[in-house]
Amino acid sequence: MKLEPLMSYHAKLAAALDVGSGPYGQRLIVEVDGGEFSGPRLRGRIRQAGCADWLTLAGDYGYLDVRATFETHDGAYIYVEYVGRVEMTPKVQAALAGHGETAFGEVYFMTAPRMQTGDPRYRWVNHLICVAEGRLSPGRVDYNVFAVVND
Amino acid sequence: MKLEPLMSYHAKLAAALDVGSGPYGQRLIVEVDGGEFSGPRLRGRIRQAGCADWLTLAGDYGYLDVRATFETHDGAYIYVEYVGRVEMTPKVQAALAGHGETAFGEVYFMTAPRMQTGDPRYRWVNHLICVAEGRLSPGRVDYNVFAVVND
Amino acid sequence: MKLEPLMSYHAKLAAALDVGSGPYGQRLIVEVDGGEFSGPRLRGRIRQAGCADWLTLAGDYGYLDVRATFETHDGAYIYVEYVGRVEMTPKVQAALAGHGETAFGEVYFMTAPRMQTGDPRYRWVNHLICVAEGRLSPGRVDYNVFAVVND
Amino acid sequence: MKLEPLMSYHAKLAAALDVGSGPYGQRLIVEVDGGEFSGPRLRGRIRQAGCADWLTLAGDYGYLDVRATFETHDGAYIYVEYVGRVEMTPKVQAALAGHGETAFGEVYFMTAPRMQTGDPRYRWVNHLICVAEGRLSPGRVDYNVFAVVND
């Protein structure tokens, strides 16, 4: 069992809307304003609409719940959804507020993306369990995605 | 147990992206391009970003899975999510494609919205089970939302 | 738009396990130990395994997240899932602890069940949005389920 | 970014109930009849009630959606949930039907578990993104779980 690089992507982060502390914790909705993904077998753009990060804060961690639509360079749509965990260190909070950035591996910032498509050229993405590491910079999040595969 | 009017809202529907037949059925992503809601105790606008309808088609029914951000006229954010069912009659399909419209009660088009917010002025929305009826017209969906309350 | 009686059911509640306050609030897992459902078009038993109520407490409300397997008298399996809201009054808390009971309509205790099956005899349940009212007595929960239908 | 062993566990699989082809595909509910987990920092038993695997079949893959309650040897409850993917080869299908077994790494059988608890001794599990590989034998499934951590 090992991690195999699948793709990298970044998304532009728009407003972070503070929904406040509701029944499931303090929730933020971070609107996504498009982006791009690129890897050996997958490349294209992230659509602007229908993408957001529903983030719940609890203690010193943020719990991500993301939906996004990926559009490949050759016209397929891939529905991407994931949960994630990010350690809300002062540096992460500053980066989310537009000041400074974090590097890959600097804090705990991991997700577990999964994908759905009916396009025959990309049907293989349906079968994968993936994980990703993230980093923040002003108005932007970057991820490296790996497929979890057998040795 | 009875239905009590809560609010009405409409949303502008942008593109319907055909994700194709993946592991959970044929999926469409209907992007939402803003809207407005209005009722005795709730009014404001639906944000453009972070709202979409993840729709799965099976047989002659569509299964809705929606997330949206409502912003009240006085500055609170309410996270709205719901599942729904819509009978995909020829008239519904035509309306989705921009031709003609359906009336409330004409086909089976029901949802079960739930809301989350931490804003003290609207905390009561967290406690409600709601249902709604929908209707389609070109580029637009309208809903009447009712709270399910005790007699 | 109106409520049409669909069925009633009860479930035996076994242990309430306190998972404690995690990232999404204070969670209880209420194990279900079987039950029965009955209505004009639906009757049978609730299976003992694979059924539970994942309950999150926040303020003076409980947020239900339930999965159950219904087995009809004629051998079909129906997967039932729902969210719900229950006002955690002292009387509700006492009933959950095995002391006393609540009546239908006495507190806010509502759910929004949805069902899935592939059995041709019951395929119509897939198409329904439903709501239910609940009541508690020692070791037991009862629900009246209504389909939300057009006038 | 790397995989770090966290624990192994097995669960006894009881009946596989065929719910049939509903709105989201052909669904099986595989009831779980308890089990055990063991690792350097986590050990205990899987509760019998409230655990099941909601499995959707599509093409030659199965899509897992699992909920389980883990009870540690020292009395904490951990709510475990995950999605997964399993390649439904003839050997996997035979093993599910009680004939023969598969080895780790033999087919694609991966999950992405996440955990929730409020117990102060185990709060660290809330923060982890995990992945696991699975294998089947008659009436039993085994998993090796790894935490996804920074280098």
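Here the chain labels run A, B, C and D in written order, and each chain numbers its own residues starting at 1.
FYI, contacts are C-beta pairs under 8 Å (C-beta built on N, C-alpha and C of every residue); 3 or more make two chains touch, one makes a residue touch a chain.
Everything quoted here is computed from the prediction, not taken from an experiment.
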For chain C and chain D, which third chains touch each of them? A, B
Quick check for the class: compute each chain's Cα centroid; which one is farthest from the centroid of chain C? A
Chain B-chain C separation of Cα centroids, rounded to whole Å: 24
Distance from the CA centroid of chain B to that of chain D, rounded to the nearest Å? 34
Give the residues of chain B that touch two or more other chains, as numbers and ranges in rising order. 22-24, 58-59, 61, 123, 126
Enumerate the contact residues on chain D facing chain B in the complex. 22-25, 56, 58-59, 61, 63
Residues of chain C touching chain D in their complex? 14-15, 17-24, 26-27, 29, 31-33, 47-52, 54, 67, 69, 71, 76-79, 116-119, 123, 126
Can you list the chain D residues touching chain A in their complex? 1-3, 58-59, 61, 83-85, 87, 104-106, 108, 110-112, 114, 123, 126-129, 131, 133, 144, 146, 148-151
